[in-house]
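Read through the structures below before going on.
You will see subunit A twice below: alongside subunit B first, and alongside subunit C after that.
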Partner chain A sequence: MAESAASGHSKSSPLKLYFGVWATLLVLTFVTYRVAYLELGPFNSVVALVIASIKATLVALFFMHVWHASEKLTKLVIVAALFFLLLLLGLTMADYATRTWS
Partner chain B sequence: MGMPTVVPQQRFERETYLNKEYGIWSWLLTTDHKRIALLYLISITFFFFIGGFFALLIRLELLTPAGDLVQADTYNKLFTQHGMVMVFFFLIPSIPATLGNFLVPMMVGAKDLAFPRINLLSWYLYIIGGIIMLHCMLTGGVDTGWTFYVPFSSNFTNTKFVEAGIAIFIAGFSSILTGLNFVVTIHRMRAPGMTWSRLPLFIWAHYATSIIQLLGTPVVAITIVLVACERALHLGIFDPKLGGDPVLFQHLFWFYSHPAVYIMILPAMGVVTEIIPCFSRKRIFGYQFVALSSIAIAVFGFLVWAHHMFVAGISVYSALVFSFLSYAVALPSAIKVFNWTATLYKGSIRYDAPMLYAFGFLGLFTIGGLSGLFLAALGINVHVTDTYFVVAHFHYIMVGGAVMGYLGGMHFWWPKISGKLYPEGWARLAALIVFIGFNLTFFPQFVLGYLGMPRRYYDYSHMPEFQVLNVLSTAGATVLGVGYLLPMVYFLWSMRYGKPASDNPWNAAGLEWKTASPPPTFNFDEEPVVTWEAYNYDELDAPPQAQEVTVA
Partner chain C sequence: MPESTLMGEHRQEQLHPELLHHFADPEQQRNSASLGMWVFLGTEIMFFGGMFCAYLIYRHWYFGDFGAASKSIDATLGATNTAVLICSSLTVVLAVWAAQTARRALLISMLVVTMLFGLAFLGIKGKEYYDKFEEHHVPGASFSFNNVPIPSHPGEYANPRHAQIFFSLYFMMTGIHALHMIIGLGIFSCLLYMACKGHFTPEYHTPVEIGGLYWHFVDIIWIYLFPLLYLIDRHP
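So, the complex of A and B:
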């Protein structure tokens, strides 16, 4: 396993990219902080969640090597995880959305 | 008749995973999946008896209507710790971490799991979680119920909720790592010729289980963190005063904890699917359906969680959908039950101990599953919510189903694990005692619940007419306790005094029976190449040999 893992990631991303992603994450964190002080009503949460999702995607793509993953299993895991997250959010929100229906 | 073949001769010192190295460090630092399975076996047995001890105290308290043995607070802690220990420290790791750990690599023809060190790490995480849970119990315990609903757990209880939460959080990661190891092993480490359609159904069941462990467990871990955050930092997540919603907790909790039931039952189904063809000498009926129904259960299992919340104030429309989906999850389970029964049809059935447990599983799981359909129906659910009907239902699934499967599997593979035969007569007696004790304990609870006895009451002196059924239940629990002690005694006995087992005492199909008992460290002396379909009992029994047949 060890050697196949090593050969799979031999084209590992250069340090520059990692620092770039890191800087982007820091900038986005700062943006989250600043936006929290703007009066956007319900959109405060929306903006915060969108930024957080972008950050999570960056981490998964670059720090967790999903961008270069050739493994089908990796892709399967990501698709499955997103699908089940969607189920969790979707079915939970379906409850909240329909509570006031008469 | 019935007794497995005995090979008394030529047990010269062959190197096995058991005698390769000696000493405590050869166990505590091992990366051999078989040794880690035994470490898990010892640990979960320890927690099983702790959880059982709490159960015994609960049953003793309910022997009389008055709350006279323990105080109300103590009783709350007893059922909480019983649930937490049994669910998180026994049932969830039971079959996957012991039998699964031992068998998954062997059944796919691999030398070990994909990540042996992560496998050992998972055991250490389990032990760390277990020690924290023990400390929590010894220094006061928790009284929230194993479901630790808010706002009681976040705002009111003054017992050790955070400590118990940390214990469960850590143990959860051991479960995730086991699931991860299985998924990668099953995808990547199969022997040449071991295609997906040739995999034993035990593997399919464990694959489905691993999906739930991987996708569900993080959610409960995060939920625990959120409760702790609200308790410690007053973040508004579940508390309406701070802008949160208490029902959100139940959504998050049951998103994991309902599928967690399938973490317990799917591996037991896998065990039964191995046992029934072997002791009927037939290929499993409808291989593809049994395999895919495991996956279907894993997926559907994630769509039904709100049936735990019908009286919690969720939307009526949402409740209707969840009720319907809960019926849907019965379909793949029913497919399995019918296929097992069809496998038995015209088989040459033998009543050895593993098969007795499999039969027990078949009946008890069916009762548990059908009573689940009662609970999926909105009207009946409201009527019996929080009564003993619910307690009886989930014990039929978790104890009647999962523990029966676990014990059946332990008997079936014990010759492979230990290289020794257990005493068959005692084993059949124990299986019978467990079956009788189980039904005597839990069947009266269906009646109690339907008549309206609420769960979690320590004192029912205002309804003394419930005593007869409670006495039956307590009597059954003592019988059940004897039934669980017996296998532990004779398994230990057989390790020293048992007759040596041949490599394949049951003449079973499956790669794990093609290697020695007990297996060498790397499982096979040479890499196996698979050229046959799973459960090829017709081929196994084809050569002219003295095959005993017992007519059912």
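So, the complex of A and C:
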């Protein structure tokens, strides 16, 4: 029966994947915590945000089952939400970052 | 042939008592529920997005003051809380798996462990807030942030008014996040009650999945709050 696996793949137990993602997330948390104490200039925030985005993507793809989502509309909703978020942040910062130019 | 359709529907109802009549099969019903949840999470992204946007603007304007203010928060507590939330996300995903594979005892214990992690998070957060009250770092009449040096600018001190904006954003963002955690605990209490009553089967466990999506989303928000509020300008 198809409904025995809501995540869309029933062939093997996903436990290994879950624990692997969990361990990766913990390692990345430790890395971002330690890297914050190194002097990297402007790259401190870049590294911190890149690591945060990797962690968020891992949670969404594997814990929230987006990777195996059978419904394409779900993916469309996610992409649309992120697009509007980037529109909000991008256009606002394009204004504030260029105010002193003239 | 209306009669045979009716009989078909009747058979479906007997096979899946939880299947509502306007869905073709349980899978479609599940997909619709999770799609609806994702639309809600989309509104949540925009809700938190406004606060992240305010943060970005003021971080851009008062760069050094934000660094000084951020440094006064205990980053080890923040990192511990991040680890606690990540562990709770694992137990949530295990709870969903337990519901999918009809392991009721595992489902119940994973829901309980998740709630314990949630309470631990709120406890650590409470300790952090307590420290901020002690240090008079709570925005308001008794706010005080004098003679705090700006990181990597020797001889310069943070403007208390600008630092107050950082702490306003800090309390607003972590406070709304904590409120989401409390709501999450309420949702998981309901899930626990339903699991104990034996409501969930491999065919029907939509509430566990939907509640799990909510919990993971709150985790993702924290994953961004942690570096933005705790880890900026930590280096000596």
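To be clear about the criterion, the second predicted complex is superposed on the first by the 89 of 102 C-alpha atoms of A that agree within 3 Å, B and C clash if a C-alpha of one lies under 4 Å from a C-alpha of the other, contacts with A are read in each partner's own complex, and residues count from 1 in each chain.
We take it that a contact is a pair of C-beta atoms (placed from the backbone, for glycine too) under 8 Å apart; a residue touches a chain by one contact, two chains touch by 3 or more.
Just so it is clear, the model here is predicted, and its values are computed rather than measured.
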Contacts for A:Leu15 in the overlay, against subunit B (first) and subunit C (second): which applies, first, second, both or neither? second
Comparing subunit C with subunit B, which touches more residues belonging to subunit A? C
Between subunit B and subunit C, whom does A:Ala94 touch in the aligned arrangement: first, second, both, or neither? first
Which of subunit B and subunit C A:Leu49 touches, first, second, both or neither: second
Which subunit A residues contact subunit B in one complex and subunit C in the other? 73, 77, 80-81, 84, 88, 92, 96-97
List the residues on subunit A that touch subunit C in their complex, please. 2-7, 14-15, 18-19, 22, 25-26, 29-30, 32-33, 36-40, 44-45, 48-49, 51-52, 55-56, 59-60, 62-65, 69-71, 73-74, 77-78, 80-82, 84-85, 88-89, 92-93, 96-97
Given the complex, residues on subunit A that touch subunit B span 1, 73, 77, 80-81, 84, 87-88, 91-92, 94-99, 101
For the complex, which residues does subunit B have touching subunit A? 114-115, 183-184, 187-188, 211, 214-216, 219, 245, 247-248, 251-252, 255, 302-303, 305-306, 313-318, 321-322
Hey, which residues of subunit C end up touching subunit A in the complex? 25-27, 30-31, 34-35, 38-39, 41-42, 45-46, 49-50, 52-53, 56-57, 60-61, 75, 79, 82-83, 86-87, 89-90, 92-94, 96-97, 100-101, 202-203, 205, 209, 212-213, 216-217, 219-220, 223-224, 226-228, 231-236
